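Got some structures for you, see below.
Each of the two complexes below includes subunit A, the first together with subunit B, the second together with subunit C.
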Partner chain A sequence: MVRLKSRYLLCEVCVSDRRNLSLLDDRAIYTATKAAVARAHGDYGAALSSLGFSVKYLNAHTGIVFLRCRKSHYRLLWSALPFITSLENRGQRVPCFLNCLHVGGTIRTCQKFLVRYNTQQLHRMLPLCQSEAERSEIRKSVLSCTLKKEADDEEEEDE
Partner chain B sequence: MRRADIQDEPATYERLVYKNTSVYHYMRISLVLENESTRLSAAQLKQLIVSGLRDLYGEVGGAFPFDLLTFDESTLTGVLRVYNSGLVKLWSALTLLGFYQNELCFFRVTQVSPFLLTLSGNSRELELD
Partner chain C sequence: MSTAKHRMRDKKMRNQPINVTYSSQGSSHWRNGGGTPTGRGHDLSPHPWGHGSSHSGHAQGGGWVRGHQREGHGGYPQALPTHITASAFAKARAAEVNAMLMAVTKTTGSSHVFGGLPKHMRRRAMSHNTKRLPCRLRDMANNMAGQKMKKEQSKSKSRKARRRHGNMLLEFNRRQRKNLWLETHIWHAKRFHVVKRWGYCLGDRPTYKCYRACYRAMSSHCLLQDMSYYCCVELQGPGEQLLAALSKLTSKETGPTFAAAMCVSGRRQGSVVVYRAGQYPLQPLGPVTFLWRPTTQGRGGQEDQGSQGSTHRQLWIWAHPTMKTDLLPELQAVCQCSEAVLPPAPVDLPVPQPAPTPTLAPGPGAGPEAAQTSGSGSKRKWSSREPEAAGPPAKKLLGYSTISATTPVTWRSSTTGIVISDLTMEMVRYRLIGPLSHSVLTETLAPATHTDATGKSRPSPFWWPDHCRDDCNMSLHQQQAGVFNMLRGVYSTAEVPAGSVLGLTVDDPRLTLPNKRSKAVTWSYGTMPSVVSGVNEERRRELMLKGIPEPLSQSSLWDRSVRDNVTHNKMTDQEVNRLRNDVLVPGSRLPTPLQGRVPVLLVQQSGKSQGTEMGSWGAGWDLLLPKAWGMAFWVPLVYRGVRIGGLRMSLKHTQNKGEPHFPHDYPDCPAGARFQEEQEAELLAKFRRRPPAKRTNYIKHGCLAPFRCPWQQLVEEWELIVKEEEGGGGEDAVVPMEQEVTPPQSNFTVLRNRKSLRQLSAWCRPTSSKCQRARNPGSTPQLNRNVAASLLSSHGGSSLVWIRLSLVTKGQPEQHALVCVPTAEDLQLVRKEPGCTGPQEPLHTDHFKSRVKRPRKKDHNKPGTSSSSSANLTNPSSSCTSALTLGLWPEPLPSVTSHCSRVTLGWVTQGDFSLSAGCGEALGLLSLTGLLHTLLRQPDGQRGLVLLRNPGSLQYRFAKINIEV
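Take a look at the complex of A and B:
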């Protein structure tokens, strides 16, 4: 039985100003990525990548994005990600860059990676904390990291 | 089944098979323009091919290295050299190239070969005395 395989690129949107992060929406990322692939790989790349491409998940609080594409040409998309310099949303241009953290075959594996990554980020944040209240807050979030809960509930800071 | 008293004879010859001897592919092309009297220099031809590659394959494709080995300005024929991995891209870009400075044109590919020696003659231009 022929199975249509896909690759999920787990990317993090890094902006200089955190307030702009909440303005993100998936249409902006979709158009920006398509334009970047068209610029980097031409008509061939634009046509090939538009076949199975979609933005599956976007978290405006942490800036995590799941991009879904076909397995045969996920590298085209991956190599065009560094060429994205800004996201356009309702007339406002937000300069940013997309950092690819993980490539997975299913959404579930990407979520598992995300939980591990978030715990690592929290561990890194622990020594930087100023007050005891923040520290206990972080310890509580680390202990409660599971796949059952929403993976984006934890506080995460961009390093 | 082999009989026990038959010994293997030592091999008297050795046969070597190369899968890919040549790293490059060579193409003899000729440019046909709508206006017969337009002349191009070698640099302009290379610029045209690079622009065709860039339209079809983007910045990454347009940066693929290829060389114009010879170019005859009067007949607008030349020989291109490209790495094996880029042959399909170059050939498809040449096929889809249609315009040179708002003038209709097309590329005709007469010969393609991994060896340059093959391009020295072809049966179309063979003269039998």
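Take a look at the complex of A and C:
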């Protein structure tokens, strides 16, 4: 079909100090990424990648970010991501790095990947729990995050 | 962004997750819809500030309110803990997974289910037909489609189930709850365009082309019509009382009344125009036909009326259904019958026993009457929805089923002893038109055969064996059969005196149904069997001259008990077919079962009785049957090669006969006025359906009222014209007086005084022709001013005359054509060259055209200037356009007489090319004042010459007036 194709990057913001997570903001990520691209690829690269660039989704609790850019120039953005070392928000500097988990053609695939990724993490956590209270908490959250159908599927996977 | 776009976007993003940040925590929430995920989101997100700080385990949930921002960072650096707890970590992940799952699984944007399908699985027209979707999505799609699907589901009975007999009957009964069906409805519905009219479903015209064929049938063979929709009202009571009461409704001036000697004896059927009681020249109701029951001499002991002697009479009045609503109250008032008798007079129904023929129909409750008489009056089955224990669940409706059970159909008077009962749909009436209708009848019907002696010994559930037991009855039956057989030798139906009545009892005509449809022919004198020809020649001549002798008009059809008996004991078609199957030699005549005798009445319908040419055209017989026997007689009649006509053909029949047709040509009757209104609305709707550029502009054609005839205005204007001309002599006092007297609505009448009509008829003919003079020498006075004035004064100015117009040369008149007075030049033109086409009307200008068009332009501009003021401006103009239709003159009309170049006399009610006359013929009404005024000014040789112009044409045509009495 006739449309502008995009790439969606699913990234994880890793901060050394968890308290700084409260400073996370889509605008902060936007400016930091643009600055990184400009630094790595110059004005030309910054201009190309800023076309259609946006932060589609940000979850400060988990530090998950969806970035969108044009498919033709997503490599410029992708290659610039490792050069981000800090985010700046409200005059405060947060040292961090962005870990790219997935690159997708639609936001749907990214969402699907994220679902798989998160459930996998939770399942991994479950056997490593130290206390009984923790274990029950995690089990509850694992159960809560599964829709009926998915729950069945995952049980099968576990077996 | 417009609100619609917003809404679209909101709908599209409904299930997409939104950002979750600490700073906007207070305002943001999980927007991902649904019950449980939101609940979980709340678990996680907005903890009160203080609570979050004290409880380290949930500390990361501490909501950050916008107002606390600045000091938040400086003042409470401990807001978030430095370490990660497993539960908080898991909760955050779980919430996110939920949000993502929601986004992934729910369809985005459009509400179609197939939006979630990958492209390669989409199919054309999936939204239209859910069966193109994969199975797993079908339920969802059906739910979304909602109401549309539900409607289809309610109809989803299989065809087989729908066509099952009981279900068909239920469906038929449901469908005729509003409009009655005749017994031949199904037959008609397969072959005719059926219209709903007067509370019935009637066949209008056949779907095949047969206009000329039907005309040929009428003039040389036979045309059959179902006239069962005509309503019958029965009056019973002492003869003198009845005659006295009915004489108030009629006047001798219009011709023979109810008391005409031939009719009272019961030998002839009569017809009269009924007026409201004592109002004679004013307020007519319409024409009715009536039939007296012959007095029962010599068989008094048997009949229940016999004890009261011959003074107890029975009368049937047949009226058009639109007239019945007016006629019934009038009859009740005249006869002082106010007591409504709820259940009709109890009739002794012989209970059908396990009968001689094993195939007898078990029959309680075949009709509404039966249901009442068998004791379950309240459980009348006309709705037939409730299951009844006794009989089969659905019964075929017979008779007058649209009225409710509690509506009385019988009224009795305590003072006069007259009983009026409404016999609507109690009898079937078929009309056979054409010179060979007697041949069709004699071929179809066979006089009833006698039952053998064994049947006489014991009482029978059927009426015929009882009837046979009496010798008087049998001799009467033999005489009737003799006369009926004599009809075979008659050359044409018209030879029998008009209105003759013949009672008869016939065998079930299904028993003698031919294998193939064939055409009934008359016996020419050479081929006639000697039994019929030689001996009976003398008697036949006597029959033609004197008519059917009086006692032979008696029939058992007059007895309600016999009618009911015959109706309930009718063999079904299935049983007849089984009999046919059991016959040893295929095709031989079936043995007549006991219940196969039907009393019928044959009534001769006179043909064209007025005028000189085409005498007795369209004569025929009416066949009266008890109800439920309609189809049993219809199909055998059709198998004798008759044509079937509908309503349209009956209109053409009367038109060719030169008689007024009931609702059309009676504008002074309430039914006629109603009909005119309906017709106007219909024609106007049809006119408005055309695109404006393709409509006839009637204003330009000088036609004021193309869809109706403003008779009242015409009559008033002609009165004014005549008065002004007389007033020119010097009477000034008249003029103001007539302006004061503004007559009320519709006080015009149609002239029906025979004497005056005869005078007019003589005056309308050109007096130069010799034969006219020779025919009636001096019987009518010569036309002059004084005689005309006296005629006018005796009838009042507001009279109309019903006339027949035949065009002199070319032209085909249409409905609502104008009849105009020719000027002196026009008459001279005709005298010079008789074949001339006639004058032309100059084209009128349409002053309303600009007024009609202007508001339209404004409407086009309206989107540009969509302010409240412009809306206010356009509103009155748009209402103006609804009143103003392009090409139609708006109300009130200007003077209708003097609008065109020729003065208007009246209008045509129906017009067509007449196949019988070979020229255009029209029926119409003229103003009596105008007609006399015109006749006085015309030269003797050209009297009765008028101009006729169609509403959509400018050409005038010459036409001759015929007034026929």
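Convention: the second predicted complex is superposed on the first by the 142 of 159 C-alpha atoms of A that agree within 3 Å, B and C clash if a C-alpha of one lies under 4 Å from a C-alpha of the other, contacts with A are read in each partner's own complex, and residues count from 1 in each chain.
The rule is short, and it goes like this: a contact is a pair of C-beta atoms (placed from the backbone, for glycine too) under 8 Å apart; a residue touches a chain by one contact, two chains touch by 3 or more.
From a predicted model like this one, the values you see are computed outputs, not experimental measurements.
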item	value
Touched partner set for A:S141, first subunit B, second subunit C, both or neither	second
Touched partner set for A:L114, first subunit B, second subunit C, both or neither	second
First, second, both or neither for A:D17, with subunit B first and subunit C second	second
Which of subunit B and subunit C A:R75 touches, first, second, both or neither	neither
Contacts of A:R93 with subunit B and subunit C, given as first, second, both or neither	neither
Which superposed partner A:H61 touches (first subunit B, second subunit C, both, neither)	second
First, second, both or neither for A:R27, with subunit B first and subunit C second	neither
Touched partner set for A:R124, first subunit B, second subunit C, both or neither	neither
Which partner, subunit B or subunit C, touches more subunit A residues	C
Residues of subunit A defined as touching subunit C within the complex	17-19, 21-26, 57-62, 64, 90, 92, 108, 111-112, 114-115, 118-119, 121-122, 125, 129, 134, 137-138, 141-142, 144-147, 150
Sites on subunit A touched by subunit B in the complex	37-45, 79
In the complex, subunit C residues that touch subunit A	17-23, 36, 40, 44, 60, 64, 69, 73, 77, 79-87, 89-98, 100-101, 103-105
Subunit B to subunit A touching residues, read off their complex	54-62
